[in-house]
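Taking it in order: structure first as structure tokens, then the write-up.
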Amino acid sequence: MGQVAWKGLFLSLFDYKTEKYVIAKNKKVGILYRVVQLSILAYLVGWVFVVKKGYQDTDTSLQSSVITKLKGVAFTNTSELGERLWDVADYVIPPQGENVFFVMTNLIVTPNQRQATCPESVSIPNALCDKDEDCPAGEAVVAGNGVKTGRCLKDRDSIRRTCEILAWCPVEKRSKPKKPLLASAENFTVYIKNSIRFPKFKFSKVNVLATDNESYLKSCRYSTEHPYCPIFLLGNIVRWAGSDFQEMALEGGVIGIQIEWNCDLDKAPSECNPHYSFSRLDNKFAEKSISSGYNFRFAKYYRDAEGVDYRTLIKAYGIRFDVMVNGKAGKFNIIPTIINIGSGLALMGAGAFFCDLVLLYLIKKSNFYRGKKYEEVK
Amino acid sequence: MGQVAWKGLFLSLFDYKTEKYVIAKNKKVGILYRVVQLSILAYLVGWVFVVKKGYQDTDTSLQSSVITKLKGVAFTNTSELGERLWDVADYVIPPQGENVFFVMTNLIVTPNQRQATCPESVSIPNALCDKDEDCPAGEAVVAGNGVKTGRCLKDRDSIRRTCEILAWCPVEKRSKPKKPLLASAENFTVYIKNSIRFPKFKFSKVNVLATDNESYLKSCRYSTEHPYCPIFLLGNIVRWAGSDFQEMALEGGVIGIQIEWNCDLDKAPSECNPHYSFSRLDNKFAEKSISSGYNFRFAKYYRDAEGVDYRTLIKAYGIRFDVMVNGKAGKFNIIPTIINIGSGLALMGAGAFFCDLVLLYLIKKSNFYRGKKYEEVK
Amino acid sequence: MGQVAWKGLFLSLFDYKTEKYVIAKNKKVGILYRVVQLSILAYLVGWVFVVKKGYQDTDTSLQSSVITKLKGVAFTNTSELGERLWDVADYVIPPQGENVFFVMTNLIVTPNQRQATCPESVSIPNALCDKDEDCPAGEAVVAGNGVKTGRCLKDRDSIRRTCEILAWCPVEKRSKPKKPLLASAENFTVYIKNSIRFPKFKFSKVNVLATDNESYLKSCRYSTEHPYCPIFLLGNIVRWAGSDFQEMALEGGVIGIQIEWNCDLDKAPSECNPHYSFSRLDNKFAEKSISSGYNFRFAKYYRDAEGVDYRTLIKAYGIRFDVMVNGKAGKFNIIPTIINIGSGLALMGAGAFFCDLVLLYLIKKSNFYRGKKYEEVK
């Protein structure tokens, strides 16, 4: 090719090529197409842009830190423990004030356990025996408290005989109080401080209201009237989660405290506020299933003057609170805007495809339009 | 413009405009295009809809609550501790039964430590000395147990001299038992109760089989035959994670228990079941690296009759279990369905573009087709 | 229809239909279109493929395990506690070495608390009284330490009268030391071992450098010169988070240690390295707000020779470190590649639509082009 030809080729690069359209003066399909176009436009504007905020870049990788602090005391007077006052250091486990905390509301105490031999509890099927041969020495009791010594004993308070075991003796009695010991835990309060940060947008916020009124923050209680107060009454949390506090306090359970941050950073930072919701996380219909509720055992270890260890075993029932934070922040960004407009327009192509089907195959004059749309070349 | 013109313009809005097509009677390109179309259709139907369930709206923001409970006792008889029985309150740390729990399988006990002065352990390089000047008073021993007092001492059992330190004395002896103390932890069981909730679909489920057969849930053990039994043998968990229990019990380690919920909520709720998998999370090839395995130190504090504190330091080796829950639920929704169909059709356009390239530039008669496709206007 | 007609229909299936284009020899629009095309191409190649690695399948569901271990001792000499050495078992709470750990740097000790009656602290507004009637028996002191007994007492050291309470007595004195007790915690080190696994790609890695030089790993300290050393100086962590250690040690606080794994698995595994960043998670400007900093109370329980429980209450101030791991791995995969190319081409359609608007409505000869593009059929 000569220079002229090359030049022509180069210039033709800048010719604009546009699809040739056929105008079908068919009002039905025309209206159908406009309806489809309007639907797509409405979807694009209404759903993608207004509802889903498709013009925003989003950040869901929230950095969150939760500090919790309980307040409240409870007084109990039982035959076992005498008059006793329970404060935060007694009933909060673990004490660190992290996002998961447990409030002890009921307990079975087995004091002065020592390494010794004693009869196993009669409530454990595997430990029942008639004669010494039923208790092979050295075998651990299945789901029990110790290792069999080889003897079959009669417990003081029981008519049934159980294997003697080497264990922390005496073993725990399986009798649970009928009503929760720390019933007044309903009035305890928890202060939840939640600092969040959206790293992509370098935006930080705390759930504690920025107010100079310090006494408000000391005396307020979260409720629908005070949605930004960070102090919660335990009884309210449980009620909002749809459970009964006294019932939960007896058997234990797990409550989830969801904190949701849904922030539109195109608006003012003061519009970015936490939303709290509460739900019961353990299945409350699990009563018929094994180990319903929530409880665990722990021990306090002591040493007597002779240097021998003994312990107080505590089976603690109570409510575990899991504070879970999630959030999403959005801010205008040109790239998702372009992508969403682009894919909206691509959807228009799908609409045209659908109308074409109607025009070319479903209406009366479709044969005629087919001929016009498709130009045969030979 | 007159009224008539406006009316014409308005009416022309409802004219349907459709692209004019050129039919190229070229079977090769035609077949190629059909193949491309079929591939895209197959991809759309097979991959996007059947495999990836693109017609569903998904929720991956799972709310999960894990309660764990261990059972089992171990009997040990060592020269240091004498006959001793270990139960749940002794070997589970922390006791709360959260999703991360540690089972102590081996330990180095240093009893009766008091605040005093004693020679530092010879195994710490920084504490070795020849004369008092090597031990500047008040300097902390690097990676050691105390603060130097300024004297260089000869330990009873050693020929090497080390600095005297102010510390909890006597310091820990760096000798680890050759075999794990609580080797029988292999037979301990853990009951894992996992309640989940998909908030978007308001769907809740528990990993405990809904059965009236309570004794099944008390006696079953998870295995491939019993995939919905929530009670696991520790030995099995470690074996399924590809490790040897006795070896891990000696040095410690971390095991991950993944619970995966992959729920198709278009099906019955009973089809939504957990899938368990087990893996070793600490690198087991780290033996040559520093601090292989998993261990930590904690102390039990006592006070004697004179009111002086002393403690028992315990270096605990054992297995940490991390229960991790993740899940995904999907349910039919019209919007993702439309979006996926739309983007599938958009892909067809890309296919047509590719076939155009073939038709217009790669085949023999391409010049002819180019002329027909592109109509020049002047 | 006859057989011939059916055959014709079948053959026509393999006719290739291609849009008819009109070449508008308008250089302005042509250049505009090429510019749009090039922009989209640049966006597709530069942003989608090079920056966002759109040709890769990604896995963000990281499995991570964190083991932390602190080292360091601190010596204190106070009137209250005497000469005392603090080691890891004393100041790390909880001791397990999980991903969240707390280093105690300051504390208020209230020793020998017993269940008894004593006057409430004067700093609690609700407990102030003038006469016995101000102290209704059995009522809990709001935000206080116990339950009122009904008497109004004069505290030894105070001129104000407060209600007598049943509580753990004596109550805690609200006086915080002016400088942190464990100021030398600045020199403590923490070893962070982080094993990760991307399950989709079956890729595992540890943040500990795979080196034979064991002494390097024992003596190195993380810094910009040693970015792959897993041992961190607490003082440095706090400084990098933009805070002052001594100030934080006094009041407490929360520091986040982010470990980010951003792995391109198309490259060598040795290129997949952790990136550390540090930030303060509690709002440090919260001084004016209630309960600034970070502290919590816990107790050590003892039993005297008569079997009566007493305890030492400790209000611990310190720094909580939250190790957070997140990551993303990408590997070449044909499906996202196709999807991204497809949606890029779909975007071209949007570009053509925009240029059409210019050609048909905005330029001088637009009327002429409109006539050529749209072919009317009657």
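Here are some notes:
Order of writing sets the labels: A, B and C. Residues in every chain begin at 1.
Please note the rule applied: a contact is a pair of C-beta atoms (placed from the backbone, for glycine too) under 8 Å apart; a residue touches a chain by one contact, two chains touch by 3 or more.
All values reported here derive from a predicted model rather than from experimental measurement.
The touch graph of these protein chains is complete, with an edge between every pair of chains. Homomeric contact chain B/chain C: same residue numbering on both sides for under half of the interface positions.
If you average the CA atoms of chain B and of chain C, the two centres end up 17 Å from each other.
Of all residues in chain B, those touching 2 or more other chains are 17, 19-25, 94, 302, 305, 343, 346, 349, 369, 372, 374-375, listed in ascending order.
Residues 17, 19-27, 29-34, 47, 93-94, 100, 102, 115, 138, 140-141, 143-147, 166-168, 254, 256, 258, 279, 281-283, 286, 288-291, 294, 296-299, 301-303, 305, 307, 311, 313, 320, 322, 324, 326, 343, 346-347, 349-350, 352-353, 355-356, 359, 369, 372-378 of chain C are the ones touching chain A in the complex.
Those residues of chain A that touch chain C in the complex are listed here as 11, 13-25, 61, 63-65, 67, 69, 71-75, 83-85, 87-90, 94-98, 112, 184, 187, 191, 193, 195, 197, 204, 206, 208, 212, 214, 217-218, 300, 302, 305, 335, 338-339, 341-343, 345-346, 349, 368-369, 372, 374-375.
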